[in-house]
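The following pair of complexes shares a single chain, chain A, combined with chain B in the former and chain C in the latter.
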Partner chain A sequence: MLKKIPKWNLVLLTTLLAEIIIFGLINPRFWNIKILLNSFNDFVGIAIIAFFVTFVIITGGIDISGGSIIGLTSVVTGLLSQVYGMNMWGAALLAVLAGGLCGLLNGVLIAYTRVQAMVITLGGMLLYSGIALVLVGMSGASTYEGISGFSQGFINLANGKIWSIPHSVIIFVVMLLIAYVLLHWTRYGRYIYLTGINQNSAEYSGINTRKIITSTYVLSGLSAGIAGIILTSYLGSSRADFGAEYLMPILTAVVLGGTLITGGKGGVVGTALASIIIGFLKLGLQMGGVQTQYIGLATGMLLIISVAFMGGQKFKVNVRRLLNFKKDREVI
Partner chain B sequence: MSKVKGMTKHREFRTLVFLVLLFAIVGLINSDFISSGNIHNAAKNSLLYIVLAVGMTFVLLTGEIDISIGAVLGLSASVSGVILRDGGSVFLAVVIAITIGAVIGLINGLGVTKLKISSFIMTLGMLEIFRVTQVIFTNGKWVENLPDNFKHISQMNVFGINILTIIIILAVILVHFYLSNSKKGRYFAAIGDNEDGAVLIGIPVNRYKVIAFVISGVSASIAGLIFASQIGFISTTAGLGIEMIVIAAAVLGGVSLSGGIGSVIGASIGAIIMSSINSVLVFLKVPAFWNSAISGSLLIIIVVADVLIARRANNRTRRDRLNTRILNYKEEV
Partner chain C sequence: MSKSKFFKVFTGLAISTMLLAACNSEGAGSSNDGEKGEKDASDIEVVFIPKMTGNAFFESGNDGAQEMAEKIGFNVKYDGAPEGTVANQVQIINSAVNSGADAIAISSVSSDGLNQALQKALDAGIKVVTWDSDVDPKYRSAYINQGTPDILGAMLVDMAAEQLENPDEPQQVAWFYSSPTVPDQNSWVDYAEKYIAEKYPNWEIATKQFGEGNEQVSLQKGESILDTYPDIDVIICPDSTALPAMAQAAQNKGLNKEDVVITGFASPNSMRQYIENETIENHGLWDVKDQGALAVYIAYHLAQGNELKVGGTIDVPELGEVKVEPNTVQGYDYEAEDSGIIILPERIVFTKENTNDYDF
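After this line comes the complex of A and B, so read on.
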């Protein structure tokens, strides 16, 4: 049974348990299951995007526009429902579709012109957050206060509970299941891996890699849209700068989750575990009395260390390489 | 070799044409825009971006990327700002700022070459770490009350032209000649163009990658000094998000993210375009909230259009370029 679980996921699981134990010892309130479950609200958006950015990275691309799409969907929801008086849920649906459209633009440009994914999504990042600002600016709403006054039903989307389980946990699990089934149980998922391992040979074996690549960006855009809706509901207002600081945590979750940044290898369970680890790390540090602004130090180190020393064998090799710097130089 | 030069010049030329067109069109609509005072200002405002883009070009040429420059800028600006505020000499502040940039660049370089961490991830992690370091160092407060003699540095003029502008333009030209005409300078592009090939012809690939990161770090800290001198105070968010604008500037100027292609002159022109968008919007009386959307779509449109137009030509010249590079190498040995 244990053998079937990838080694890295076991490492992540152990880290998670260790984290819970250590933070609990520092502050026993951390062991309160209610607090732990409620903390999902803080990172469910990051996790949802990270699931589908995992798809993108497995195909060998990268998507750094997710954070901006959050801001855009948030603004679109607010404008349509509050300023133009549309039905709340219709507005939310349209906003998610707008996120998907952003992903489609990314995907088509990347797959069909073969410009580097980093450049296109960098342009996309500026463009989508820019469009969000333009929409806010033209509608006359205040940039800093944002648009508020959402109906209670919409606010409940993120803040409500079923049998004392917060909605955010349920959304997390549902999105994880969707991503897991898509990636690991379907032919589509296998094609994603094949595209990432070797795009040319995948193309020769009859896979339409361009469509596969485009679709992963669309999924990533849609998931960013959903994250935008959840964040808007959670905070009760829509602002253009929501999600602006999400770039780093999303990539950390994906890479810490064991997905190879060069593509071809990875999985969503790792991403899910990693995002919980990062989320609990923040919560634990906050409860341990560390100020919020210093937490980036921990996540930054976590990112570098995890990538550098992923897996047992590579760790030794890397340390040896680091120690032999001078010798190495002469050999080169 | 002449073909190589022809091609790179061509791309820079296209970017330059775009810049001139931008200024001409905006000048037609609002003639104040092409007054000497405004052009002088535009040059002064873009200095920061030019310095960053030149450093970034070194890293991009080797096929890597450096996201950490915003944090290097912020940290070295705050540290040197605190030294100056507390009565330290300008010389000490400059030396310490440059040391900070060099050390962070060295860590980035070693992480990428020795630990084989993808440079995107490595420098993204460093960005986060040193942003926080800056906040810890300044206790989350702004560094204010910089001495006047330091602020005066960025205001000095020679023959009515800002002295920093002259120095930086000369430096960019020198760096350009180093990268395109000297043997060692060409190593950077050679590594990015074909790393295995570079190893085979005996280029110390890892050493040059580390050097590229150090240069990028040092130029980011110089940019930090320029920032402190021009603005006169350093907020905790100094340089936030600047890395993406600088990468966009380099890409606009024809520097390829996959390495091997590009020049510092192109990157500088890209930097001027990116930093002029702000004042263009002001002169066209477009509200400032359009800024980001316009930068983003410009980046996408120019890059995609360029790829579509030049893809076929690129493939051919790339083959030629590889051949000429091998021939040249034989001649020099």
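After this line comes the complex of A and C, so read on.
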């Protein structure tokens, strides 16, 4: 089962290269490595959450609260550092932990009450964005303007560069490595797969699946917290509505990355490639002169086509059946 | 097992990245080499950014912008996302920088969230103009303003007063707009209240209600205003969602312009039916097509290498001469030689006579 995944990664890699070649032919500025690397800023938040939502989905769950944890983290950071005058980095750390706490709440409820993950995280999504709004109200800043005035050091977290490589690229790689090592090199990672393949038999073989499941939500919450800090730094202001539109892009990256939505199969390398593909697709289409409002169309098509092809053999058979069905009807 | 595969993929990526870097030896660079002086009009691209797409107000702004571009011969790319969020606008600004645009004209969703992105655009030699909704004045050259709070606040009160038989008598007045946190609408209402205190001291502000920019909420709030304050004389709605909802609420209750005066700001297309069936007498707005046209023209003018001078004037085809006012007219502290506000020459009061002349 696991052997199939790298094959899919190869498909993703080919897609990525094709994208780079085609968009470069349309607008040669796309081949500017600086522009490509800088564009990581625009999807690094999505990618970081997607890495760990991959864990969640492999266990057979789903986490849709990531986007609103971003807003909450952002507001907590702004509130602690700008309104209560805390040390910037301490505030950021606490805000990330708050994200982890949200994940813990999700995880405990899902693992120990066995209510559907979709329902719990949907509730969490509304709850966390609600808390974020209340907190902004407390800060005295209007929800419309957000909290601003961060130090240059904090702004540099996302906007800076090391040897002309943007920080966002480095953060992307570091988070990918952490996720990769956790999922593919450790026993913990193997337990995640086993839980997803069959929770009952995993339980019988001595794995505490509840802890495993809870921990994946905590990781997903922490990663959303980190994404929230990066986004706050990147945009230089903290607002409750940051990340509000990230729900679909996160799931798209995970599913396009080859992780099975029913659990048990998947990997973070695919997720990483898929987020780059989606990010570059957006960039390339924008640079090719397509209006941003039509770009969702392209991402949607990419997702549908690729997921259909992921079915492989089955897909071909089904298409044939579909076509035959049409022919039959014409005869009638 | 998967270890080696990961490295295969990783090396693949690394090699392709290096190949890319090699291809890029020319290094297009992200600056426009700081060229000065006249450029050919057709070489200039202005990116026109709305708060969100799919909204009648912004689409009409774009119509005006495109007409202006066609007349002069420069290019305007309309680029916005369906959800008006800071992250989306930042990405659109970045893409304008990446694709080598010369200027952007943006209606900002946030007064501070775009600062970093705009700074990068400015560093890349791109001219920045705002319209409809402003950013921190440090990060733009000109703001194409529909009117200062003084102008628009007074206009709201005057539109109501001219419908009353005797505006000097005591009147019950209600404010109804989107939210207590939206900066522009609040600034108009603040000034309007000062203006009322001076000019019509007998008017009493009965209530302030907020519709959250949501059609359903606005309709419910509108009905509740009429239920709770049966003696209300004037309801002023400086919000394009609240005004049609208020008119609909009055119509649902069988009221018309003789029973209660309803006025405010909204586009003529959304209000025409209420003017025609006499639910309301008038409402106002600025010509957003002119605003879009002016915004892209100023952006084009700056991209050509012209300097903006506070206190000076710019001759705009079709629209005439406009004056560059200092930032202080909008209440900013920041003042600079090359950062100012251009106020749209005129605003429109729509009535039965003229509403059919406009389509936006």
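The rule is simple: the second predicted complex is superposed on the first by the 315 of 332 C-alpha atoms of A that agree within 3 Å, B and C clash if a C-alpha of one lies under 4 Å from a C-alpha of the other, contacts with A are read in each partner's own complex, and residues count from 1 in each chain.
The working rule: a contact is a pair of C-beta atoms (placed from the backbone, for glycine too) under 8 Å apart; a residue touches a chain by one contact, two chains touch by 3 or more.
Here the structure is a predicted model, which is why all the values come from computation and not from measurement.
Of the two partner chains placed by superposition, only chain C is touched by A:27; chain B is not.
Within the superposed three-chain model, A:125 lies in touch with chain B and out of touch with chain C [touch as defined at top].
When both complexes are overlaid on chain A, the residue A:211 reaches neither chain B nor chain C.
In the superposed pair of complexes, A:115 makes contact with chain B only, with no contact to chain C.
Of the two partner chains, both chain B and chain C are touched by A:293. With both structures placed on the common chain, the touch criterion links A:190 to neither chain B nor chain C. Taken together, the two structures place residues 143, 293, 296 of chain A in contact with chain B in one case and with chain C in the other. Considering their complex, residues 1-3, 5-6, 8-9, 12-13, 16-17, 20-21, 23-24, 27-30, 53-54, 77-83, 85-88, 90-92, 94-95, 98-100, 110-117, 179-183 of chain C touch chain A.
Interface of chain B with chain A (complex): residues 65, 110-111, 114-118, 120-122, 124-129, 131-133, 135-136, 140, 199, 204-207, 244, 247-248, 251, 257-258, 287, 289-297, 299-300, 303-304, 307-308.
Here chain A touches chain B in the complex through residues 62, 109, 113-116, 118-120, 122-131, 133-134, 136-137, 143, 247-248, 251, 255, 261-262, 293-297, 299-301, 303-304, 307-308, 318, 321-322, 325, 328-329, 332, going by the rule given at the top.
Residues 2, 5-6, 9-10, 13, 16-17, 20, 24, 27-29, 31-36, 38-39, 41-42, 142-146, 148, 155, 159, 180, 184-185, 231, 234-237, 239, 241-245, 267, 269, 273, 282-283, 286-287, 289, 291-293, 296 of chain A are the ones touching chain C in the complex.
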